[in-house]
Amino acid sequence: MAKEYTVTLKESIRVNPSTHFLSFYCPEIALNALPGQFVAISSNQFLKRPFGIAQVDKDKGTFSIGVRIVKDGTRYLATSPIGTEFEVMGPLGNGFSIEKDRPLLLVGGGTGVFPLRFLQSYAQEHSIPFYSVNGFRCVDDACFIDGERNSNCIVATDAGDFGVKGNVLDALEMIPFDMIRGSTVCTVGPEIMMKHVASWAESKGLTCYVSLEKRMACGIGVCLVCTCKTKSDKEPGYENKRCCKDGPVFLSAEVIW
Amino acid sequence: MAKEYTVTLKESIRVNPSTHFLSFYCPEIALNALPGQFVAISSNQFLKRPFGIAQVDKDKGTFSIGVRIVKDGTRYLATSPIGTEFEVMGPLGNGFSIEKDRPLLLVGGGTGVFPLRFLQSYAQEHSIPFYSVNGFRCVDDACFIDGERNSNCIVATDAGDFGVKGNVLDALEMIPFDMIRGSTVCTVGPEIMMKHVASWAESKGLTCYVSLEKRMACGIGVCLVCTCKTKSDKEPGYENKRCCKDGPVFLSAEVIW
Amino acid sequence: MVDLSVTIGNVRFKNPIILASGTCGFGRELEQYIDFCSVGALSSKGLTLRPRQGNDGCRVAETPSGMLNSVGLQNPGVRYFVENDLQFMASLPTGVIVNVAGHSTEDYVEAVRFLEPHREFIDAIELNLSCPNVKEGCMVIGASPEALFQLVSLVRKETTLPLWVKLTPNVTDISLTALAAQRAGADAVVAINTLLGMAIDVKTRRPILNNNTGGLSGPCIKPVALRMVEACASVLDIPVIGCGGISTGEDVLAFMIAGASAVQIGTSTLIHPSACETITEEVVALAEDLNISSISEIVGTLNLWR
Amino acid sequence: MVDLSVTIGNVRFKNPIILASGTCGFGRELEQYIDFCSVGALSSKGLTLRPRQGNDGCRVAETPSGMLNSVGLQNPGVRYFVENDLQFMASLPTGVIVNVAGHSTEDYVEAVRFLEPHREFIDAIELNLSCPNVKEGCMVIGASPEALFQLVSLVRKETTLPLWVKLTPNVTDISLTALAAQRAGADAVVAINTLLGMAIDVKTRRPILNNNTGGLSGPCIKPVALRMVEACASVLDIPVIGCGGISTGEDVLAFMIAGASAVQIGTSTLIHPSACETITEEVVALAEDLNISSISEIVGTLNLWR
């Protein structure tokens, strides 16, 4: 049951030169959000901006998002002082469907690590085994890499200045398959990366969920501007589904890239 | 020499339920402003808002304006916290032409008292004798009335809940004419009030300056949206002058009401 | 308490606030955000005879105080609508407007013919002759007074339901298309649909919308819409329904004063799902302030300068 | 360093940024705010044969991301202009465009004839066939391809100066008026002038502008302007000069990619007198980012989706 809320910025942490981690006070969203869902938040622009929920703290009543500065809207968010008020709608979208008896393989690229962070916390809370692979362009572009030098996390950078040199696919190839057999793959990141991860997963026989990012307006499924092409038996052989309402998470097998 | 500046709000005092007195740090404007000139200040709206300069403090480098809340732009200004930055252009317009050897009769209505305040300080500084008459709807609408119970200041309220009951014309009639003989009248306030003050002054043979308020865009004389009708010998018998550049102060004899 | 009810043709609506087509789906998603008791009617997503998947790729671009969309009439088709959504819409405590679009005259005629047996659930049919996002038909027909007259005349024969014609603003003189709609038997016109516009990504040197152009909506178009509502109202005998950039109660009053008997709210709902409810509250407060006892008394009271 | 120079017809401008008519007077007031070396040209306030005092009463209304104006061509007339302002404009280190308007064909013809002896001080004449704020002439002529063709053909005979025709957006199909201008011998078209709009004061129930309607300008009209520039550029052989809502260097590039050989900046100057200088700086920075060595190479490089 998503609603509109006025929320206050509680914390703003710069995680790398272009990315901030923002926490807002909103007990309702903290309580109801599921991993893979997102919020739409006002900036000083006309349309709200969508961000995957990266963390919730039910006790403090806060939820957090990671914001990479792209243009005016994200710059406004990242530079707002503590105490600034925002209009937020959320939690929106479907979220990941998680079967609690299957391990998870989380594959993130760039800001995709933020929504996966929430899924990872969920896995930890519910004792679901997980393996996590995150790719970044370079160390200056990376987030959450300090605590990640443990056995079930790999970080890859294209520049090779942190972790494995290469992209997430290179990193995936390094994992002994036994460790991830039967896992459900959940991937969030640039579309081209998710497409490759999906075909890798399909080639290994793994179920794969992808989280699509489309430009949005309403965020609640009424305007049909955020559609993505999915497979369908019906005429004309495909169906345009709403990323905000039917997604953002889709079974990779369903998506027409 | 008006310029564009980014200025910081230093002080915001509520002078009555709908009016705030705001001071901004901007040494250039503080130094160069003349009584009757105005500033155009950004609010969160598309166009800047014009306000008569009400006070300057050359030592502190500040200038002040009185802002009555009308709609969104003025509400934003009046409710902005100290430290908020604004874009300002100023000082703009011509200001009052003051002959230092003539006494002044200042007649203000509503927010008109603010620009006259600056003129009054100027008169005090230059030892120009002055007499001041200010009219308000009621005490809740009045400003600067606390220190004004001295011999050369009259306050009138339509409601009669402070000072003289009546409008500024009623108050003007109460002044023994000997006290204001030879004065230059300077009036700022609602157009209808200025029109009456002007015809009163003309009937008494006094020179009268009025300060016109028109909706503006550029504030610097390039767009011609802020014109007022003035007398002219040339075809078609009148001339549309720019309130922002040729005014806002005009000789009352020049104005076609 | 202000009387908000308005009458368009023979149909009475409890208030003049209508959810605009394409910005409220068929009402389902908004149920959790607004109380439908607070809106006068809901206009369905534009329906075509056959289902449509709409345009490919990016369909939205943000613009100053507005947005461009190029959805391209994605909809399940009239048949599916009647079987799956119409009952639901009719169950809401609000008026039901069915918005119909097409490529050719036959598309419109057949879609309206298909709806006719279900007339008991419908308060009015709104012909969208102004969608800028489909390659053929629609806006081309809607921009020509003759083509519009022909189409509306034919559709008029198919239904006894109130027929509203939604006009495109992308014309030299909207009063000509408005008059053509009236002559053809329309019961009301809706003005306006979106303005044709474009946005460009300077890095890729491509239009942001995969359809190249899109329809501009939101507060940015309000002054144009207001002028066109006034232009229509000043020549028509049938009611005008105002639309375009309305986001406040004050906007609603301005459109009604300009001559609108009711108004539609589109993009504002996309910004705040509960916009219509807030706007209705603002209308009530403002009407009370201005001593208006019945909202319909202000319709067309604009006092032009001469 | 990026080469910003552009050529319109035979005239070379040091950069593509032109101050739009009616938003820079004759340049005097802006001298203290901008360095004219940073703008390519300045277009004078619209001049008529005889002096005009313009419209009475309120001439401006703020709108979401824009404004309405109804100045109504207040200007000192061509004679006074030539005697008092032209030399000053010509003394500035920037191009000189003289914007001409009128009520009737004769007004235009005579005004241009009057300017002809002063051709050495003028880089181009811009015919304003699109002012929405005068009761007769102007926009009515500008909205009809035939009337526009006739007028431009007659004016064409009077001058050997480059002739630019400024088009109104208030038409169904701007490519028709653009083509008419080209056929009549125009050297360039300028697109667009303002959109016709209205604002209403709900308390007084009167239009805010005493002229009832006004011309809408500012960022709100940018998507419409961009679409019209693209529409003109795709059918014309002569250059298009883009105008409408430009406020950033990125906007300039978008208009040029859409097909504009140069651009005009209007309302932005009213918000920030030094806007053109800032915008020029942004163009330089962005061009460097995008590895553009000569700005004119991007003109019309828009890659439409098919």
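A, B, C and D label the chains in the order they appear, each numbered from 1.
Please note the rule applied: a residue touches a chain if its C-beta (ideal position, glycine included) is under 8 Å from a C-beta of that chain, and two chains touch if they have at least 3 such contacts.
Model, not experiment: these values are computed from the prediction.
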Practice item. Trace the shortest chain of touching neighbours from chain B to chain C and give its length in steps. Key: 2
Practice item. Give the chains in contact with both chain A and chain D, ordered by label. Key: C
Exercise for review: State the pair of chains with the top count of C-beta pairs in contact.
Suggested key: C-D
Exercise for review: Going by C-alpha centroids, which chain is farthest from chain D? Tell me that one.
Suggested key: A
**Study point:** chain A and chain C: spacing of chain centres that average the CA atoms, whole Å
**Key:** 36
Point to revise | chain C-chain D separation of Cα centroids, rounded to whole Å | key: 34
**Study point:** Rounded Å distance, chain A centre to chain B centre (Cα mean)
**Key:** 56
Practice item. Two or more other chains in contact with one residue: find those residues in chain C. Key: 61, 63-66, 218
Review point. What residues in chain B touch two or more of the other chains?
Key: none
Check your understanding: Which word fits the touch map of the chains here: line, ring, star, complete or other?
Key -> line
Exercise for review: Check the chains against each other and report every pair that touches.
Suggested key: A-C, B-D, C-D
Review point. For chain D, which residues are in contact with chain C within the complex?
Key: 57, 61, 63-66, 68, 143, 170-172, 195-200, 202-207, 209-214, 216, 218-224, 226-227, 230, 245, 250, 253-254, 257-258, 286, 290, 298, 301-305
Practice item. Note which residues of chain A are touching chain C in the complex, please. Key: 1-4, 45-48, 87, 89, 214-218, 220-227, 229, 234-236, 238-240, 245
Exercise for review: Provide the residue numbers of chain C that touch chain A in the complex, in ascending order.
Suggested key: 22-25, 29-30, 32-33, 45, 51, 53-54, 56, 58-67, 69, 71, 74, 218, 267, 269-274
